[in-house]
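What follows is chain A paired twice: with chain B in the first complex and chain C in the second.
Right, the complex of A and B next:
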């Protein structure tokens, strides 16, 4: 995993301590959220496990010997959740979908792609979508894709088709 | 023992026999002498001791003039002593000049004891007391005072081992006396303390009067010590009828004592420091921590004083000047931070010369204002300029 676009906060030790001052904490958390989304986008990651996250360079800066506490990570995730940039996968909120585009955004991106490439009225398999070249959603997580398409399904724009071993979608 | 003289048991003119006792031993101070088992003849002038039968045979005896007796007491046998001898302790005046020679020329002890091996008869004791009280030797001065011009200069021995011993003994007695006087009664001690307080008061007023002439640093320092140490009149609960009045006056006094020290400490002093200072100033009339806390609480309702009790969110209580503002603290701390880049509470406490507790509170106050932010790690707490907000 490579990531070079570390913000200045990453080498600022207080960044790794949850700030008690509300105003400060707000600024700190927003910096964290930006970093988490950027990092996941750069590495094309969709799932974050809180228990493993402390070992990732995202939350642990070995150069200044600081890492964000588990409570801190949980706080960052719930802030992301509030911004609709993350969704918990379990009740314990240990596994998360990190959504650098919110589900709604994904949905509109997918639909406009289908529209632009003339897929309306025809059926695509999920495989085709995730392997579409040069698209933002190339390599998108299946579950995230399903969530986005469900959103479109609610708006009566697509219909999800369950096939034998894979899923397909029909754009209207 | 050196008050005894050699004498024959003849009665002098105007002297009367008053009592007899047998089997009596003489003590020089606390030590036994070899004069034991003898007879004692009590007269209106003297106590005459003779070896058994010596008085009857008019042989040479030892005589002690009753004029020497300053005070006498009876020493009953203790519970764990097997002998049933009762002792009379005679406290004696210094030997008179022109005394006839006795068995012991020099003696350090100022008392002798008569030990009555066969028990002491009440009659003998009362006669002795009577004789000492009547002082017949004064009223009937024997005319035939032999050789009145024979006044020998008595040399007070100051040299030699005896002299040293005597000096030591006198010193010891003096200290003994002063110690027992001091501890005899606590109220006496307090009285003495009052004298000390008034003494320090006069000293401090004297110094205050001289104020203009003093330039020497040490003198000024000494003056400040004195002024900070002594309160002329500590407020005590006893002198006030109502509790609230007492508290009010106590609070006023606390404010008076602490205002200047608090200023010197940068406008804030922890309650523990304040407590120590107040009690040091009060000297003996110590204040309980609870009363001190209540007095400090009372301060907040007294507009005339400049001190206020303040409780931080962390529970730390301090006394601070009413003119003291958080804004000033914050500004000061931010300046320190800018100068140093990053600060731990320990570093700030060293830089400002305030206690660690107060340094921490300063940082937390500044943090609350959003000027700095914290970094908690295994190395401890540090504070940094709040770049989160400043760089936005």
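Right, the complex of A and C next:
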């Protein structure tokens, strides 16, 4: 895990305590959201498990011996959810998709890529998409990709094709 | 033989008094003329001086301060009026512009520091936003401009905190005496305060300390850190990392 773009708040001890003042908490949550998205993007991570995350350097600064509580992490994740930058994967909201691009944004990124590279009318496998080089979606999580493509399917811009052992997609 | 005072003497005395009065008025008028002539001359000289050194006053912060001090010594305020002969200077404009920029910086940073900013951070940000071609701005200039903002009521205040720190507060409402005292202790604690520190530095009881600490939280000036023991209250405006970003 490499990340060196920590904001100033990360070394500010009270950043790891949920603030009681509403105005202050708003600023705090907003800084946490930015940090979580940046961190996941830098490390190309798409899934966050709240229980595991508590030990991750993201929510735990060993240098100043501070960590964000489970309740704090839950609050950050629901704020991200509100911004469409995260989606829970289970009812207990312990596993999350972290979306530094919202599903809608991913959908339009994928569609413009297909359009620009002349893929419209032909079929791509999911493998081809996730392994496209030097694209924002290189290495994208399969489930996130599926969510984005389903969005496009609803808009009748693609058709998802189920093959024997893999999935593919046809762009219109 | 002594003559008794007659009607002639009284009239003579009266005449003398009138002459004295006339002379007095004459002197008065002359004095006034001389004075107004002097004032006129002084005004002219000052105007000439200001016009001659305008560029220097605007460009050179040290010279500007000396000029300000000279004006203060003779009891005129070149900022007080943008009309009249001071307009040659356009010095008012310099400070008006600076005041507006100060307000802008304060607003832009109020979300993270609760409307409290250290003078050093304010200056750094001002210089950054003014760009390189703008005139040099000194701490004194910022203080002069900030004090002018005080006329808008209690919304803007320059706070002197012991230890050579100056803070600019841009949120409405006066800070209470106790909150100001808490701020004065924060530099001692490296940007934070707690009950023990307040007891030690100010001799406060636990009740008084916790009331003041609740107040700084409620005002959004400080952030609470419950993972420290005792609980710490941190001021972003006094936190080094917060100033550079």
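The rule is simple: the second predicted complex is superposed on the first by the 172 of 172 C-alpha atoms of A that agree within 3 Å, B and C clash if a C-alpha of one lies under 4 Å from a C-alpha of the other, contacts with A are read in each partner's own complex, and residues count from 1 in each chain.
The rule is simple: contacts are C-beta pairs under 8 Å (C-beta built on N, C-alpha and C of every residue); 3 or more make two chains touch, one makes a residue touch a chain.
Since this is a predicted model, take the numbers as computed values, not measurements.
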Message = After the overlay on chain A, what do you see for chain B versus chain C, clash or fit?
response = clash
Request  = Have a look at where A:106 lands relative to chain B and chain C in the superposition and call it first, second, both or neither.
outcome  = neither
Query = Just chain B (first), just chain C (second), both, or neither: which does A:11 touch?
reply = second
Inquiry  = Contact-wise, after the overlay, does A:21 reach chain B, chain C, both or neither (first, second, both, neither)?
reply    = both
Query = Which of 109-117, 127-135 or 145-153 in chain C clashes with chain B after superposition?
reply = 109-117
Task = Please write out, lowest number first, the residues of chain A touched by both chain B and chain C across the two complexes.
result = 8-9, 12-17, 19-21, 23-24, 27-28, 65-66
Message = Which residues of chain A touch chain C once you look at their complex with the stated criterion?
response = 7-9, 11-17, 19-21, 23-24, 27-28, 65-67
Query = Which chain A residues qualify as touching chain B in the complex?
reply = 8-9, 12-17, 19-21, 23-24, 27-28, 31, 65-66
Ask   = How about chain B: which of its residues touch chain A in the complex?
value = 367-368, 370, 373-377, 382, 384, 386-389, 391-392
Query = Which residues of chain C touch chain A in the complex?
reply = 111-112, 114, 192, 217-218, 220, 223-228, 232-234, 236, 239, 241-242, 244-245
